[in-house]
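In what comes next, chain A is part of two complexes: it sits with chain B in the first one and with chain C in the second one.
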Partner chain A sequence: MTAARLSLGRIALNGAAMLSLGFILLPLIFVTWLAFFRQEIPSFPPEGYSLRWFSAAAGNKAFVDGFLLSLQVGVLSTLIGLMLGVPASLALVRHRIVLGPALNTFLLLPLVMPGIVLGTATYVFQIETEIATGLPVLGSAGGLVAAHTLIVIPWVVKLVTASLVGFDRTIEEAAQNLGANPWTTFWRITLPSIRPGLVAAGLFSFVTSFGNLEMSLFLVGPGRITLPIAILQYLEWKIDPAVAAASVIQIVLIGAAMIVTDRYVKLSRVV
Partner chain B sequence: MARLSIEHLRKTYGEFHAVDDFSIDIADGEFLVLLGPSGCGKTTTLRMVAGFIQPTAGRITIGERDVTNLPPWKRNCGLVFQSYALFPHMSVADNVAFGLEMRRMAPAERAPRVAEALRLVQLSGFDQRYPRQLSGGQQQRVALARALAMQPDVLLLDEPLSNLDAKLRQEVRVEIRDLQRKLGLTTIMVTHDQEEALTMADRLVVMEKGKVRQIGTQRELYEKPADRFVAGFIGRSAFLDGEIAAPGRFRSQGGLEIDCSAPALGPATLALRPERLAIGAQAESCTNRFQARVEHVSYLGALLDIDVRLTEHDRMLLQLPNRQGTVEPKPGDRITIGWAEDAGLVYPRES
Partner chain C sequence: MSMTAPEPVAGARTSLAGMLVLPATILVAIGLIGPVAILFRYSLNQFVPGQFMVDGLTLENYVKFFTDAYYLNVLLRTVRVAVICTLACLIMGFPLAYVLARTQSRFKNLMVMLVVLPLFVGNAVRAAGWMTAFGNKGAFNASLLGLGLIDQPIEIMFTENAVLIGIVAVNLPFMVLTLQSVIEGIDRNVEEAAFSLGAGPVAMFRRVLWPLALPGILAGTILTFILAMNAYATPVLLGGPKFQMMGPLVYGQFAQQNNWPFGGAISFILMTATLLLTLAANLIVQRRYR
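Entry: the complex of A and B
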């Protein structure tokens, strides 16, 4: 009786898991399929298959420029996010700072803030900064990186504090006992010990920045748009599988990055 | 290797005295053990020497150097942590080489030193393993090798054997002691294990509640405990409460008049080592001789522990070697026990 009910439960659980996996994968599968259609209008069934939309996407200047800008912004905001987020996490975990828990929540806030709200807020802020300082902030690459750093910090803080909480500090003392000053101890002992957390933080930060649309919409300037915006603008004029091809390239790149990363640190263990 | 001198060392946390006025001179090559119950301030003392805790007052000198205000990385003390604290992301060889690397020693020079340190702890051939691939005992040896490789002025061991199983502990005890002698290392070890302390130390410091109770060799601590706490902590003692009514005469609560060699007056405690008590015919020649009733007998193999009652208020513990032909007393038996005048040690009463 119990065994039968158990296995029934198992089947139901597996079924539910398959269903949600399918729900997640279905759009990806359709986009990938679509990218290989020959005809211009995405209609079913396909009239034939070709790779022409991939070359079209690769030859589209807006896509290529957008890809390069997204790459730059992603890398820069990830690096800056790590440089700010790691010390912040250290302070939060290791020192009793005033309003520590409140500060922690505050740093995670951009994660739950709707993109439109965040975009409006940074837009207004950057305009005010421009007025106050006279520097060209809005629409500049620097302004974009600054804003992306904001949405990247929650990931860094979340993942790095998690790694630091379980970290045995006596190995830092051991290093100092062996003659390492605090700076050397940090680079040689602390950072390598939380490497899985750092790698995961870097990856999630980059993906978050690379895929961001809503906030970026408020902040880009003419002739300087990110890949998601380039795709959106393209879609306003025509719908052909070139967009699907561009998406497939993105999916493959991000997937490859995750697989490579997973070889060095088990992401499933960190996140 | 160097002398180590600690003068009036003190650490307070608010009102709480974790270590209170600790002073000692440790000779070059001496093996000193800090012994005391958990929470008595042993680790705090050791960590002040290593530089991880800033003393509230006092001075620490290693060799000719006053290190009191030096950070840990400038002290050249080799500390072996209770948890070993190996670097998990480094191989055994890199762990051991770390201290040398910090001194900017060239890799070519480091290699033989690492090999030598690993040979000393009998771990040659393990250099490319990672800490997680080693047993607890092997990790402990790596921690020791890592401390030895940097040729520290003093070696500090914080309960180094407490995470090993009983059999291994016995072996490693002897190994550490041999190594320490061979290298002539000035060493402080912390432990709460009395047997470990007694087998390894040249000299011991007995601590309690942050205070030094006594400093001395094993024999001094056992034969002449400085106070009631030490008498009960090092080896076993049976205690009788009472008072010294006149010099040389102790009166127990139960009214027994006992000869002793004590000048002090007032409330006092008489301590006796259980194996120094005589029983039956052997008690005839003792100055102090009393009738007692056997209450409980524990058969411990080589020894018999016998609880006896002298009066309503006075109890005593005897230890008899289990020789061939020893007649085992039974609960309820009436026996004569006795002890020499100088077998009893008298201390002022402690609350």
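Entry: the complex of A and C
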């Protein structure tokens, strides 16, 4: 009796869990379905299926330019974020610095800051910088990279500190006893052992930058927009299979990046 | 640990540590604190139509927000939407988080990836999915009409319900992942102990799992609440131009009205509300789990 009730409860629990998972995935399923429609109007059931919208998306200049800009900004801000964030994480975990925990919280701050507020604040800051220096900051790729680096740093610090905490320092001491200098120890011992954390940090940083919408909205200039904003602006005008096809390309690329990353580090362990 | 370290070495290491942590700290300080300070300064300026922004030291932008019923309604609507979405995320997220945390299945990693993927794909793409479903001839109305459940298409697109559904779907993965990591940290034996002492599943959940998971529940609730308060793409695309929330309101003041002082003030009201809530929730957690 109890066992039967328990297993009934288990079925209900699993059912509720699968419903939630389905709900999370539903929009992606719909947008993928629409990308293969033959007709332009998103009316169900479709009149037929076609692949022509993928070439339409690939021929749309806003999408292609947006994709290239997002890629460029994502790669650059991830690299700069790693170069700044990894040393900071090392210092925070390894050394007792004055105000260490406070510094750690401080570096995570861009993550809890609402995107819209960050966007408006960065916008006025870049305008002031332009006035002060005379350099064209606002709407430039450099301005975007600088802003994206800011939101990438928390992910690097968070994930790299997590992988450093469980790290056995005696291996490093062994390397130094065998004559390795601190630099060699860092390159040959420390860095390879925290590779899962680095890979996860790189993936999260890139995806955070690539998909960022709320902050970039304020920072893009005419003729220079990122892919999420190109998609948003298109959708404000209309929804059709072409924009769905562009979305599907993005879903597939990000999915592929996740599968590749998963070979180095199990995603279920880092998120 | 470093108590035993020889003094001179510790000193040299500390300065090295400072050099390592400094660049990132400077970037965050300049890139975050600087802009927020300038934004606050802007919010005290005056907006004179035709003259753009005039330097000043006035609270009139804040007064304007809190005395105008239109703006107060936008704030109230935003808070209402955020509260409903957060509760829905908690209710829908807990079962999935629990199953993900406790499962021994070899599909666990796949399921986690399926939760993370939509998160990575971005809000605009997911809004596009709902736009496909919600239209008059969209998937929902077509299936309901086909099944004979309704004979007129129901209005979903450009309603509050559409925005609610959209934001819940956007925020649910954050809630699930936060809860999952907390539940994984709870020893399974504690649950078994409750069961062997005669507790039913409901009692076990209420008396054991819920209290132990409370820090994570609060963390997930705060995160989803902040995200819902600041939603932009979902209300713009699914709510339409008439459905105003705080995020689109801020953007409109900057991009369409060119009223930076007022836009800055709304931004600050939004941020202050967010920070106060985070602070309050942290204090509650710390008081209970010192």
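Criterion: the second predicted complex is superposed on the first by the 267 of 271 C-alpha atoms of A that agree within 3 Å, B and C clash if a C-alpha of one lies under 4 Å from a C-alpha of the other, contacts with A are read in each partner's own complex, and residues count from 1 in each chain.
The rule is simple: contacts are C-beta pairs under 8 Å (C-beta built on N, C-alpha and C of every residue); 3 or more make two chains touch, one makes a residue touch a chain.
These numbers come from a predicted model, not from an experiment.
Partners chain B and chain C, once the complexes are superposed on chain A, both fit on it without clashing.
With both structures placed on the common chain, the touch criterion links A:Ala102 to neither chain B nor chain C. Which of chain B and chain C touches more residues of chain A: that partner is C. Of the two partner chains placed by superposition, A:Ile131 touches none, neither chain B nor chain C. Annotation: apex chain A, arms to chain B and chain C, angle 100° (C-alpha centres, rounded to a multiple of 10). When the two structures are aligned on the shared chain, A:Asp168 is found in touch with chain B, with no touch to chain C. In the superposition on chain A, A:Asn14 makes contact with chain C only, not with chain B. In the superposition on chain A, A:Asn177 makes contact with chain B only, not with chain C.
When the shared chain is aligned, chain B comes close enough to touch A:Pro192, but chain C does not. The gap separating chain B from chain C in the superposed three-chain model is 6 Å, by closest C-alpha atoms. Applying the stated touch rule to the two superposed structures, the chain B and chain C interfaces on chain A have no residue in common.
On the side of chain B, the complex with chain A involves touching residues 50-52, 71-74, 76-79, 81, 83, 85-89, 98-99, 102-103, 146-147, 150.
Residues 168, 170-171, 173-181, 184, 188-189, 192-193, 195 of chain A touch chain B in their complex.
Partner chain A is touched in their complex by these residues of chain C: 2, 13-14, 16-18, 20-21, 23-25, 27-29, 31-32, 34-36, 38-39, 42, 92-93, 95-96, 98-100, 108-109, 111-118, 120-133, 135, 137-139, 142-143, 166, 168-169, 172-173, 176-177, 181, 201, 226, 229-230, 232-233, 236-237, 246-247, 250-251, 254-255, 260, 263-264, 267-268, 270-271, 274, 278. Within the complex, the chain A residues that touch chain C are 6, 9, 13-14, 16-17, 19-21, 23-31, 33-34, 41-45, 84-85, 87-88, 90-92, 94-97, 103, 106-107, 109-110, 112-118, 120-125, 128, 146-147, 149-150, 153, 157, 207, 211, 213-214, 217-218, 228-229, 231-232, 235-236, 239, 243-244, 247, 250-251, 254-255, 258-259, 262, 266-268, 271.
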